[in-house]
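Alright, structures below, take your time with them.
Next come two complexes, and both contain chain A; in the first it sits with chain B, in the second with chain C.
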Partner chain A sequence: MKTTGRGALRKLLAGAAMIGAVAFGTAATTFEAAAQDNTIYVPLFTYRTGPFAGSGIPIADGMHDYLRMLNERDGGIGGVKIVIEECETGYDTKKGLECYDAVKGKKPVMVNPWSTGITLPLIPRASVDKIPILSMAYGLSASARGDLFPWVFNPPDTYWDGLAMILRHVGDQSGGMDKLKGKKIGYIYFDGGFGKEPIPLFEQLAKDFGFELKLYPVPPGEMQNQSSQWLGVRRDRPDFMVMYGWGAMNPTAIKEAAKVNYPMDKFVSIWWPGEDDIRGTDGAKGFKMLNWHGIGTEFQAIKDIQKHVVDKGLSKAPKDKVGELLYNRGVYNSLLIAEAIATAQKVTGKKVVDGADVRRGLENIDLNEARLKEIGLAGFTGTLKLTCTDHNGHRPAFIQQWDGAKWVKVSDLIEPMRDKVKPALDAAAQDYADKNNWPKRTEPCDKP
Partner chain B sequence: MFYREAGQFKTSYAADMAVFPIRQDRIGLAVILMIAFVGIPLFGNQFFLSSVMIPFLVFSLAAIGLNILTGYTGLISLGTAAFMGVGAYACYKLTTFFPDVNLIVWILASGFVSALVGVLFGLPSLRIKGFYLAVATLAAQFFLQWSFVRVPWLYNYNTSGAIEVPEHDLFGIPITGPNALPETRYLVLLTIVTVLTWFASNLIHGRIGRAWMAVRDMDIAAELMGIKLLDTKLLAFAVSSFYAGVAGACMVFLWYGSAEPEVFTINQSFLILFMVIIGGLGSLLGSFLGAALIYMLPIALRVLPASLGVPIAAATVEHLQFIIVGALIIFFLIVEPHGLARLWQTGKQKLRMWPFPY
Partner chain C sequence: MDILYKIFVDPFVQMGAAPDLLVQTMWEGLVAGVLYALIALGFVLIFKASGVFNFAQGIMVVFAGLTLVGLHEMGVPAFLAVILTLGVMFLIAVAVERVVLRPLVNQPDIILFMATFGITYLLIGIGELIFGGNPKRMIAKELYLPSGSVEFQTLGGFVQLQKIDIAASVIAAIMIAVLAFFFQKTRIGRALRAVADSHKAALSVGISLNQIWVIVWFTAGIVALVTGIMWGARSDVSFALQIIALKALPVLILGGFTSVPGAIVGGLIIGIGEKLGEFYWGPLVGGGIESWLAYFIALGFLLFRPQGLFGEKIIERI
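Up next is the complex of A and B:
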């Protein structure tokens, strides 16, 4: 009896060792194998597991499905098939870096880290590895400066632009920016890099417009326990609340706000909450957030996704989730990927482009009305034009409101305060460059 | 048969007391070091070096630190990640104050800063033990993590709230920053880990290590024998935090290249505690084995389906990996509650008898 048990153990151990050996042995070959010659390799860093999966899954589906649709409908971009590969990061910096090292050898044309924590360590590597980074409306705000960060792109807005637009909306609600004087504005935020970044600008604007700023930080480990912050809100009675949250922080904040009977139409969030964060919360009606793209499936390209991808069972997304806010956010991200590749093909004249070409493609992106119509996304989003020096665009966005069942657009496009944001951006970029012995840009600019 | 020490005669007291008294062990160690220093940098690819070996070495070092405290001195700590953070932030501050000093000096110096903080939070260990001490170190974890977020001086008032590592050279070769090759980073880290492991081994086999183990086994008896409890326990905290601090500095400077405070969360403390428990409490070898099992096995499992050409989605692999690693941990703990290091010892004994066990 004992010997058989030991025998089994030994076999199991031997098996485990074998698996390990095979895995590491073959890891070398798979990861070093370059993508096939006539394809373009686009890795997608996604997180379908972990505490942020609720937001990560629809984004991953949207990103994947749009690119897959281009493959199915058009045979890729410019006739070149795209090889899409997901790498699971779990929103964890360790795994994100592991993903980056895993895909680096396969000559990706760009990476989309989908986490500020993963973006930051990749920024210095981008220029060395010649792989551009597209951190869509997240990451390092200062990387909007193309002259300092030639390989990093964060369109269509920085978090500072977002804050400026939210405050403009708040000003409109109060009857003009000058009416903000003497008002109290609360800021509930994720107490990490992303939530803290806007505070200096917020303080500056508080001084400029004469309102009082109240800070309610939510520590990363306490995202689902915000009762003390909302107790503070109940005590301070701010006239407006601004939220910068992510993952489990958003639904918790909305629930808590409803619990303390905070007037929802005075509660405005940055662009990250999704439908699942708010659906089913009693008293959440009236909650507002900033957004820059369409929701729903009433766009030709999204219909094509349904026809070519979802209905054929090639998507992981449940049918009724297609067209939701964060799904379409993923589509927007992939729209930028596809547009960068197409522009790169146009600029270089090559069919199969590499990272350096796509960097030029990103710098020459010009999503005008005609182009949006051409790709079947007319009315989906505003125009976007990036240049050699401007890697962000600082595009206007609008406010949408939750009516109890869906998001409704309630404002016109709001312009960010470029005059206020620009100095903050320049100072932050210069500061980053000084502290890190940042190299000068050597990449030549394309003539527009 | 393999581990037969027949014919190896010890002619001096020192030879009898050696850490590796059997010749085969010494040859084995030499082979492992040869592979680590020559073979892996020569034949390992980028992914293997920067995503497998460098993290493995960092975690091994941290696990050695925690093993000194928990395994050898019997004091439980849940603050390892925070002490790693202290090392990382100390190294960051020191390099911004004196950027021209050799980085290795600062990595080791930041270990001393971490040791100081460790001693501070180790003070309650004289009066409390077991779970109560775990709670005290938990306080260290939360307090330190809070200061990484709340004290802007620590991250030089960066708007991103993160610390970034500029390029540093060693003998004219970049060892940090984007231009540092994985090979150089790996070799620097391997050298640090090897030297510190050797140092830890000497500490443990000497008077100090014996005092630690005496305290672990029964502190009253140790006190009666003339071991000063406060000094011994605080020294264990200091040395342990030193190792954690160096590991943290290496983590940010030689591996990540930049770090947010979220890197040093309680989850990481638990991860290292698991490494120590599964590897083997009170064993240096166990620290390495535990780090290998907890960190490298998931990577192997992730890479496996892709390399065999099995089309499984990335997220499914992730879920499978959680299941398999969890099951393996329970399996190993049932089969050998004393950790992988004991498993290796049993294996060695068996090899000695093979093929004629009795």
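Up next is the complex of A and C:
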């Protein structure tokens, strides 16, 4: 074979390029490994784009800003810097799994899928990859059972707890749980993994308390086209409406409810609508939702976020959005991340912890009043203690109501119906284990 | 027997028992249908002129709505923002013709179809970059669009019509009439129809394909803006709207890809059909059938008229 001068030159350049690429790759890998030695990598699965961005953006901002504040104010956690990296999922399960594969090799100490649809396929992978999953108040309710799901955590409440608390409130409004007998309760929900999650318990409670359950599923493609569902509400005239919505579904549902003159004080949502979903909507006054944490910026940690992150231009959040409901929800999520890492450092005695350590950290979280005060979040939320067997906490929450301009707390703390939820949750967890040939837990429990 | 009763008898008993709800359901379907028809119209215009199925029509609705609201948020008065948004849609039309259509002329249709996918993702990216991903409230009051409702005590109950829905229906009807006049009676309209019949023949009599493409894409942009305003006023302007825009697909299957009346009648059949289906038959299967029922209805029609209700029957001789 004859090689021309130009061909030889091309081969030479290609060879040089290849050597350069290999050398650069090695250097980059070395740098990354070095970086990993002194840092803790926390990927955040977020969605700032797509149909769910309205809910996803404030949560992403809150999550990012709290961790960034710890880096700026304290130099990280226990003196170790946190490497924060967002991966855009668009609330799409396929993209979420791609994000997981992309971050897996970087030794994350945990993943926060921020989607029940993404969480479910990750559950079997968590124990294999030794990466704990924090699905904060979403995901598989049954994964609260730490003895069966040692790598999955869903504090402070499951969707089943949420439903039980809403029904307690509805019972209180009716004059007692026994008064629910013969009543009609409508359930409008996102017709995906998240919205379907509480239906088995809802059906069970309908039998137990003698109310009739009416289902109004909203397909993902019809989130902004709900007139059929609300015509059904007008026909069936439910005494109460319960909503599990997300993204563009929430503002549309509130508008449609107002349109058909549904009494707003009888329309109660799970914890996901934010201010932007309701602000400026005529007739929305009186709408209720469940919540478990503070709104506003009067908490010291939030003030520190403003000082160390927002005012320095290190946040993507507009200044007036800091302290809003879903922003603070993101802060709560990162509070759990930070506490898990800090607890892992305490339990293991290591500074740079890995996924297995942080799993132990999550199992030993003890957010008591003194600790909340210490981290600048006194009065922000209730206490939370997780254990080897309880990965959720099943904490009480309260009802807040829209007064036309802001959320106002209108109930005392409501306990979930443990007597109803626990047996149903145990049965569901066992059913999951049986169907999936689930391995027995091998991870030892730390002594309390 | 019980299931047969529930499918074939009970829904009609319900309709008779509560005629006010039947009228209300049909009204909701009519409004949705009018908006589907508007979106479908955008598809038809472009398909007629260039044989391209414009996948980007849905995102054009979102982009136009976002531009309008975004400009207003920047302090531009509402009606000036409408004019500037039209200017943006015109620039998009010119850019599409120059950058996409002209270089791809004479390429197979599938290439042009895939190019509209590219336009879609480009507009999504630009839209999110400039305006962010947050849903935005349509500036309905600033555009003097009505709010509230009128209620009629009738048929043993009441029928409630939202004023914005009435306005949407009237504006859509006017828009369709104007477009029909434009394409039937004006010189440009005749040129467009000539292009639709045969590109080569149109070129041979001196019609500029490039000019026609710009006009058609700009017209589709105007339709997108009107749809964005109307649907945005009913809910919000968000990227979720582009999913609803895909409802135009069964409308087009039903009405025919080349027919303006087909888009209108198809939109109304799909809109009313899916609302009646979801309301009266949906509960039999747990609800949530609206998203696929539209395709089911369209396929049902296709069994009898494969070219759609008003589509051209193409006979190819071998």
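Operating definition for what follows: the second predicted complex is superposed on the first by the 413 of 448 C-alpha atoms of A that agree within 3 Å, B and C clash if a C-alpha of one lies under 4 Å from a C-alpha of the other, contacts with A are read in each partner's own complex, and residues count from 1 in each chain.
Keep in mind that, in the parts below, a contact is a pair of C-beta atoms (placed from the backbone, for glycine too) under 8 Å apart; a residue touches a chain by one contact, two chains touch by 3 or more.
All of these numbers come straight from a predicted model, not from anything done at the bench.
In the superposition on chain A, A:Gly105 contacts chain B only, with no contact to chain C.
Taking chain A as the reference chain, the count of touched residues is higher for B when chain B and chain C are set side by side. In the superposition on chain A, A:Asp282 contacts chain C only, with no contact to chain B. Once chain A of one complex is fitted onto chain A of the other, the partner contacts of A:Cys445 are absent, as it touches neither chain B nor chain C. Contact with chain C, but none with chain B, is seen for A:Arg235 once the two complexes are overlaid on the shared chain.
Of the two partner chains, neither chain B nor chain C is touched by A:Val83.
When both complexes are overlaid on chain A, the residue A:Gln224 reaches chain C alone and has no touch with chain B.
Using the contact criterion defined above for the overlaid structures, shared-chain residue A:Asp191 touches chain B and also reaches chain C.
Of the two partner chains, chain B and chain C are each touched by A:Thr49.
Overlap of the chain B and chain C contact sets on chain A: residues 48-49, 191, 219-221. Contact residues of chain C toward chain A in the complex are 18, 21, 24-25, 28, 31-32, 124, 128, 132-135, 137, 147-149, 160, 162, 231, 234-236, 238-241, 243-244, 246, 274-275, 278-279, 282-283, 286-288, 290-291. Against chain C, in their complex, chain A makes its touches with residues 47-51, 53-54, 56-57, 191, 215-225, 227-229, 231-232, 234-235, 247-248, 251-252, 255, 259-260, 276, 280, 282. The residues of chain B lying in touch with chain A in their complex are 45-48, 50-52, 55, 96, 146, 149, 156, 158-162, 164, 166-167, 177-179, 255-263, 265-266, 296-297, 299-304, 306-308, 313-315, 317-319, 322, 328, 335.
Chain contact summary for the complex, chain A toward chain B: residues 9, 16, 19-20, 22-24, 26-32, 46, 48-49, 86-88, 90, 93-94, 97-98, 101-102, 104-105, 116-117, 120-121, 123-125, 127-129, 140-142, 191-193, 196-197, 200, 219-221, 316, 428, 431-432, 435-437.
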